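Below, each structure is written out as structure tokens.
First chain A sits with chain B, and in the next complex the same chain sits with chain C.
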Partner chain A sequence: MSAPKPPAGHFNILYFASASSHTGKDMEALPAPLPLRKLFDTLEERYQGIRETVLDHSLVTINLSYVDMPSSEDEDVVIQEGDEVAIIPPVSSG
Partner chain B sequence: MATKQPTQNDECPQAPAQAEVQAQQQPQPQSSSSSSSSSSSSDPTEISEPNIYVALTHDHLNYQTTIDRVRSPEAGAIVVFAGTTRNNFNSLPVKHLSYTSYAPLALGTMLTICRSILVKHGLKGIAMVHRLGVVPIGEESILIAVSSPHRQAAWRAGEEALEECKAKVEVWKREEFAGEGGGVWRANRDGAVGVRVDEPKIGDGEGDKKEESNK
Partner chain C sequence: MQNGDTNTDQNGSGSSVPRDTSRPLTEEELDRYSRQMIVPGMGKEAQLRLLNAKVLIIGAGGLGCPAAQYIAGAGIGTIGLVDGDIVERSNLHRQVGHATSRIGQPKVLSLITHLKGLNPLPNYVAHTCHISPLNAANLIAQYDLILDCTDNPATRYLISDVCVLLEKPLVSAASVQTSGQIIVLNCPPTPQGLLEGGPYPPCYRCCFKKPPPANAQLSCGEAGILGPVVGLMGVAQAGEAIKILASGLHVPSTTPPKAPVEPTLLLYSYSLTSFLSPFTFRALKMAPRKKSCFACGEGSKGRLTLEGVKRGEPNYEFFCGLSSGPKQHVLSEEDRITPKEFVERVQQGKDGNSGKGKYVVLDTREKEHFSFGSIAGAVNVPFGKLLSKAAQIKRGGETPQVGDILPPEVKIEEGKEDVPIYVVCRRGLDSQEAVEKLKEMGLDNGGKRKIVDIAGGMKAWKEQVDPSFPYL
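After this line comes the complex of A and B, so read on.
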């Protein structure tokens, strides 16, 4: 399954492993633009408890590149329409 | 199926790394019997470049094919690592394991690891193939093959490749325990939880076996 193109004004967010279990979804489209620093708040509003159980242990990619959570507004990245964001829990390959 | 399989390059135009991902027909001749029901399950996803091959597949892993990908007249050693699925975790019987991945990202990470190790250890070739979907107990979930002029570098490179893979490659293992509802998302990283609510914390994974063919 590949991610379909998100609707206009949205970005795709992909959920893997524990993120998928917590949300009950593999992916969904969320409204864009969205400042990266608001991503976890947005997800916590939708999926109560996800921050503590999943997000605090996870990394984030935008268009297949890892991004750091901004520590201040000045260095914020904005998730744009059409972007592919993913929640990456600790891996267990091998 | 939770797996994101980039089976068509044009399905995810916003995903830049997919430009180098090739989706081809199954190249491993005798492996179709293990296909799961997903329509994409028989489409391996792979990247190859000189002396390097990385792939994700829903099919059985093939030793001979993997070894042949690193075979070189300049090599005096091929080391193969096979990770196999173990039937228990801390004595809890595991009845079922499955792997999912973020395929384009995982392949890119595998390629980065292989490029680095190829140079660092002066290898003649390196191949890394991870299986996805349900992997029956005792079967191979990963094969890593490396070739080098002399065996010492091959042993070291094989071990390092596996450790890097387990630390970084975006593949996730889910274990279902007999007699319990639900399953556990495993986490390789020490101290990481990485599992659903109410799931027990977990540690390292599969049984290992190694082979060396020294020529």
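After this line comes the complex of A and C, so read on.
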């Protein structure tokens, strides 16, 4: 089963493990398009402190593929309408 | 069956461990492994690779138990187990290789007892110690494939680094609360620092460059874990290990792998509130070896060596923020009260403010902990919710009111600006932060309202006030 389709002009973002406990959500739809470079700022604005406690050490996927956080504008990727972004923090316990 | 086959193992010739790939199987082996050997793609050669393989399972807990059962069942020839812990009753809901009758035994010995019952044929090697920078290389060097079934980030980075250095494939899994993840790393094993002719497979650091901050690292003891969630990940580890060994992918290679090197990170997340969760399983395509990786990237040979690891470089504890020790005491004494004092002065009224409506007890534990009991009259606002409510109010630019934070059932009469709030949590850390947060929001009305931490949390409450309190 796949996640519900995001509304027009939006992308879905999925929060796993500590990303989910920090946001209190499993997923939500955010406005698209959004440059990947701006993703963490957008989330920090919504969820104060999430950058330090979650995002800085998490990996990010777009449409089920790993993406590197762009270090400059030239490398930037743009999150498009209908994309599925996931925030995946490492889990250490067992 | 044909006896005396010549060595037709196409991948095994370069392996460091002697492989007798031509011996006939015994009657018992033929019988015991028959159902898996007839699976398409298996056959005699694959089974002999399993029988000749040496697997090290690090951690004999929630991941290690289910993984070891299938590793043993499949007939892996040598199975090493590393763990320094002993079996506790609270392990048994998920650590299915132990038993109530073996509580108090070293986990490794308890698990071997179970595994021998399942399959007496493998050679079981007990390493009843924790893995450390001092012993990691010696342990890992003796095996062909490593399963990381451990429970903390410092150990995960250590194991991955040593697997890179010794060219061992690593099947890594982790799980907490209701989610788990599993990934195969460094497979096929590739010399450290080799990038030319790639792409090559990644290591743990390629995927997770930095550990979470120490205060965000959840342990199963503190955060909880569901048995089937961690069990599924452990079983998947065994599945990946058997696949790698049966097909000879564990053998180090210097030629670029023919198969794709981007491993799949499988996430399992299991929602207790919506059973038709839309993303129970997610298979994510990871990136190959990173040029910038500390352990396996460009110039890594100058940064990470076996000798260095033994000497304490890198310092895994420091890297994972563990060396500073847990945060203890942030508030001044006047903002704190011991559980015993709370009973005497507040509940029994020596401070003259006992009785209903005269004070509020705010319990910031998770609601599951709260569901087992709390201090009489306490209201529950979990710490995370409290922080997010505070952030929301701050963003909105409103002047915070007590009612914005406390649940609606708490009625503080108009003009009662001095009704004190006592904050309690599990062990007395979150509550101190909560006190600071509430004061920062101005809910102390410029000092008219006392906001006080109940020192040591419900743990101290159990010790000082109520020994029968169900503290979890």
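Here is the rule we go by: the second predicted complex is superposed on the first by the 88 of 94 C-alpha atoms of A that agree within 3 Å, B and C clash if a C-alpha of one lies under 4 Å from a C-alpha of the other, contacts with A are read in each partner's own complex, and residues count from 1 in each chain.
Heads up, the rule we're going with is that contacts are C-beta pairs under 8 Å (C-beta built on N, C-alpha and C of every residue); 3 or more make two chains touch, one makes a residue touch a chain.
Please read all numbers here as calculations on a predicted model, not as lab measurements.
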item: Partner chain(s) touched by A:Phe16 [first = chain B, second = chain C, both, neither]; value: both
item: Partner chain(s) touched by A:Tyr47 [first = chain B, second = chain C, both, neither]; value: second
item: Touching partner for A:Thr61 - first (chain B), second (chain C), both, neither; value: both
item: Touching partner for A:Asp83 - first (chain B), second (chain C), both, neither; value: first
item: Contacts of A:Lys5 with chain B and chain C, given as first, second, both or neither; value: first
item: Touching both chain C and chain B, counted on chain A across the two superposed complexes; value: 1-4, 14, 16-18, 20-22, 26-27, 49, 53, 57, 61, 64, 86, 88-94
item: Residue ranges of chain B touching chain A (in the complex, touch as defined); value: 1-8, 11-17, 40, 83, 99-102, 104-106, 108, 130, 141-142, 162, 165-174, 185-189, 192-197, 205-206
item: For the chain A and chain B complex, residues of the former touching the latter; value: 1-5, 12, 14, 16-18, 20-22, 26-27, 49, 53, 57-58, 61, 63-64, 82-84, 86, 88-94
item: Parts of chain C lying in touch with chain A, wherever the complex brings them together; value: 59, 61-64, 149-153, 156, 173-177, 179-181, 207-213, 215-220, 223, 225, 230, 233-234, 262, 265, 267, 269, 271, 276-280, 282-287, 384-385, 387-388, 391, 394-395
item: Complex interface listing, chain A residues touching chain C; value: 1-4, 14, 16-18, 20-22, 24, 26-27, 47-49, 52-54, 56-57, 59, 61, 64-66, 68, 86, 88-94
